[in-house]
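Note that chain A is present in both complexes that follow, paired respectively with chain B and with chain C.
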Partner chain A sequence: MSFLRIENVSKVFPGARQGLFGRAEGFRALDDVSLSIPRGASFGLVGESGSGKTTLTRCILRLETLSAGKIWFDGTDLHQLPPQAMRRLRSRLQIVFQDPYASLDPRMTIHDIIAEPMVIHADTMPLSARQRTERVLELLLQVGLRSEHLFRYPHEFSGGQRQRIGIARALAAKPEFLILDEPTSALDVSVQADVLNLLHRLQDELGLTYFFISHDLGVVRYVCDDVAVIWRGKLVEQGPVERIFDSPQNDYTRMLLDAMPDPDPDLSPFRRAQTTGEIA
Partner chain B sequence: MALLDIENLGLAMTSFEGETQILHGIDLTIERGEIWGMVGETGSGKSLTGLSVSRLIPSPPGRYTSGAIRFEGQDLLQADEPAMRRLRGRRIGMIFQDPTTNLNPAFRVGTQLVDVALHAGRADPSVLGLAPGASARALKAAAKARAVEMLDHVGITNPAERIRSYPHELSGGMKQRVLIAMAMIGKPDLLIADEPTTALDVSVQAQILRLMHALVHERDIGVLLITHNLGVVAQICTHVAVMFRGRILEKGPVRAVLKHPSHAYTKALLDAVPRAHTKRGELRGLGGIDMEAAE
Partner chain C sequence: MSDLTQTTAVPKRDRSARAENWARAFYRFRQSWLSLIGLAIVVTLIVLAVIAPWIVPHPDHVAGTTNTGFRFQPPSAAAWFGTNELGQDVFSLVLVGARVSLFSAMVVIALAIVIGTLVGAIAGYFGGWIDEILMRFTDLLLTIPSLILAMAVAAALGTGVWNMIIAITVTWWPAYARLVRGEVLVKKQEQFVVASVALGAGWPRILGLHILPNIVSPLVVKASLDMGFAILTVASLGFVGIGVKPPTPEWGTLLSGARAYMPDYWWTAVAPGTAIFLAVLAFNLLGDGLRDVLDPKARR
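Let's look at the complex of A and B:
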């Protein structure tokens, strides 16, 4: 049984207005996308910039309407839900953004940033102010921060710490499904490693389902069970990570894999072509 | 004589909190034909090292506290601004992630390329294939021809038309090619490139790396390639220097350093990169070395 199922989804953005009634041809950002994520899984979506990854997450969160297709979340047709019901369901479905610098309000304390989803979802999560603060503290510790960080502001934190704050905030409303839109792209590799391990640990502890978006194939392979490759709004290939990475069937997937710079110098195409002088 | 010889370079920067020592005795020698990767985490001092070689750090806030930066024997720390201006864009090509070497959104790409070519041609007309004392008109015509030729050389199709584009009309990969064209237009002997592929998709990155590699071999220049991507270093660099808090912890031929790192920090950096066979939970952050701020 799938937890999130995307069924033949297309998204066409309207073209620019031309004259009184005319419009330029629309832009097809998603083209007949279908995928299915079982509960507790980590599903990766890889593709280059502009391929439609963020548009798909916005469709899942109903920040965009669909031009065609359906999105099922735990058996519910998301885009048919009345607004009130959607608001309630949103607490189960949260997102962590790419840029830990832009996504945290600089005028809010860490406490208020993490507590905000609990306030928004107070109807499904009735907590007193004191209980909220207790939960914020628990979340801070869970993501590897400390209680003395509670009343500080985002600018006092490094990129990696900010991303931990973003994760704590996403977890505040006790979601079951987390969308991670390039959560480590802005981080140093050393910090990225810690954040990825944190995501693994949280998944084990909380039984979360991840929809993990990245343009880094190495990261996706490390985090995910299954992966889909998106190219110009179309899924060109999907399946278990081992199969996709070890025996890709699609030319675009192969090109992506080949283009990824491997940290092993012996696998450099340039070095192979060169003389051996430098190795000696 | 080495192409570039950085010896015991010390740099301090002044901010509202007072003066802080940023670079602590950097030693690095680059010969022609070598591509030196400089890796390290954010804030380790990579960009300020590159900017020091180009003497692009204003003083204040910057102050060199020790050392020398010899470019073919000439100490750049002793050079005056007119001398540096003659070197920049001519013998030293630069790609930085800051406005000084970036494209100005207000001008056509061609105008900017021609400016750099003119500048290089005035310092040394032979760069544009002209004899000393060439007329202003000849310089201008040659600069324009060179701009088109360089765009073509970095793989931009239809260069004679592209030259009329504004930067926002180009894709990220094309802009980066234009920046490389701009850095290479004066036929430099040394290229300093600060994160030239960081904002690009992997497929475009691969093309740019191929282009840089070809240029180095064709022209026998030396390169300082600043990046935080160990994969990029492994792919195209001949040598690598690992920076940590303003110091070079370890340096040498790329294969020696990446295959047999002698420093625990280098090893930790390498272990932080997910590879094909890294199993869940096996990836290591730099747990022992707490670089996080907000203390």
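Let's look at the complex of A and C:
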């Protein structure tokens, strides 16, 4: 039984208005996408910029309406849910953003940022102000920050620390499903490893399900059990990580894998024979 | 998480970060001596305006007492700015006149900010037909010249400080509504706002806690730059005789009264004129300084 199931989802953005009644042809960002993520898994989504990765996350979070298809989350149809029920469900479905510099409100302290989910969901998480602060502190330590960071502002932190704050905020809602939208692509390589290890540890401790979006295949291979490759809004291939990486069936997947930098210079794509050219 | 228990003491709220920000902002403000002069004049004017009735040498003249034996005395040690056609001390009148001028300008700006922010934030946040209706109405009001409307209001409701304030505000808030709408549109796309939506926050929380606090800077800058212009508008209305009624001293009214006695008794006009000039200049300098601090990208 799958935890999150995406069924034949399409998303078309309407084209520009032309004249009084006409419209230019729309842009098809997602085209008949279907995938299914079991509880507790780490599911990777790989694709280049503009392939529809972020649109898919926005659809899952119901920040966009669907043009066609259904998204099931733990047996409920997300896009049919009445607004109040959706608001309550949002605490179970959280996201960590790509850009740790833009995703934290610059005018709020770290305490207020991490406490916000608990304030918003005070009806289901009845906590006193004191208990909230204690929980914030606990989360702060859990993601590897220190208690003296509590009342500082986001601009006083490094990118990696901010990403930890973003993770703590997402965890504060007590989610079961976490969308990680390229959580490491804005970070230094050394910090990337720290954050990935943190995510790994949190998944073990809290039993989270990850939907991990990335264009970094090395990271996906490290983190994920299953992976889907998206290209121009279509899923071209999906399956277990080992199978996709070892015997890719699709031309585009092969091209992606060939473009992967290898620590061994002899295996550099610049030395290897050019196996694939342009695919269309 | 076993070692958490030892360290979970909640630390004292660390104010240093905010204090440091203020210190840094003031340092940047201090870099320009022009904005410091602006700030100094503004503070002096406001303080003088507040305590004016108790410090002026002739409070009775302000109340309307005349002393025709001493009319048109040139500036002297006894009457610093001379006396007017009724023998009243011009210094006292100008100082007390600052109250009406500064007060009405401030109220106009404050009301314009409140109304403009409300309309602009709602239009920008909700978009769609709400945006269309609110902004077309705003555009409509933008086409009305404030002086003409103020005259119409004065003709319909009579002259008076509050009628004048309302008339100016009606034509001023649309500029703030447009500014706020534009800023809200930008902030709405910011990732921390999207994060808040994904957390399930309602629109009052998102607008009031995440968007509006982040657009305070451009508002403050515009308000301080507008103060000078508001003082000028209030004085203009006084000058054409539809602002404040004559016994209450006001800079524009004083200037208007002095017009008939130019150039022989120049001091009756120079004193209120200088006051208007100083106030407008000071608020503009202050506004420029604040812009440099709050919006460093717009720096020359």
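Definition applied: the second predicted complex is superposed on the first by the 268 of 280 C-alpha atoms of A that agree within 3 Å, B and C clash if a C-alpha of one lies under 4 Å from a C-alpha of the other, contacts with A are read in each partner's own complex, and residues count from 1 in each chain.
We take it that contacts are C-beta pairs under 8 Å (C-beta built on N, C-alpha and C of every residue); 3 or more make two chains touch, one makes a residue touch a chain.
Remember, predicted model here, so these are calculated numbers, not experimental data.
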- [ ] Superpose on chain A as described above, then tell me if chain B and chain C fit or clash.
- [x] fit
Open item on the list: How many degrees, to the nearest 10, separate the directions from chain A's C-alpha centre towards those of chain B and chain C?
Closed with: 80
TODO: Go through the superposed model and pick first if A:103 touches only chain B, second if only chain C, both, or neither.
DONE: second
Open item on the list: According to the stated criteria, A:12 is in contact with first (chain B), second (chain C), both, or neither; which is it?
Closed with: neither
Open item on the list: Under the stated touch criterion, which partner chain does A:256 make contact with: chain B (first), chain C (second), both, or neither?
Closed with: first
Open item on the list: Between chain B and chain C, whom does A:81 touch in the aligned arrangement: first, second, both, or neither?
Closed with: neither
Task: Touched partner set for A:49, first chain B, second chain C, both or neither - done: first
Open item on the list: Applying the document's definition of touch, where does A:189 land relative to chain B and chain C: first, second, both, or neither?
Closed with: first
Open item on the list: In the overlaid three-chain picture, which partner chain does A:169 touch, first (chain B) or second (chain C), both, or neither?
Closed with: second
Open item on the list: Taking the superposition on A as described, I'd like to know which of chain B and chain C A:152 touches: first, second, both or neither.
Closed with: both
Task: Distance of closest approach, chain C and chain B, by C-alpha atoms in Å - done: 10
- [ ] Would you please give the residues of chain A that touch chain B in one complex and also touch chain C in the other complex?
- [x] 152, 156
Task: chain B residues within the chain A interface of the complex - done: 41-42, 172, 201-203, 205-206, 209-210, 213, 228-236, 238, 253-255, 258-259, 268-276, 278, 280-281, 283-287, 291-294
Task: chain A - residues contacting chain C, complex - done: 61, 63, 86-88, 90-91, 93-95, 97, 99, 102-108, 116-117, 120-121, 133-134, 137-138, 141-142, 147-148, 150-153, 156, 166, 169, 173
Open item on the list: Could you list, by residue number, the parts of chain C that touch chain A in their complex?
Closed with: 1, 4, 7-11, 13-15, 17-18, 190-192, 194-202, 205, 209-210, 213-214
Open item on the list: Please output the residues of chain A touching chain B within their complex, sorted ascending.
Closed with: 48-49, 149, 152, 156-161, 188-194, 196-197, 200, 215, 217-219, 221-222, 245, 255-256, 258-271, 278-279
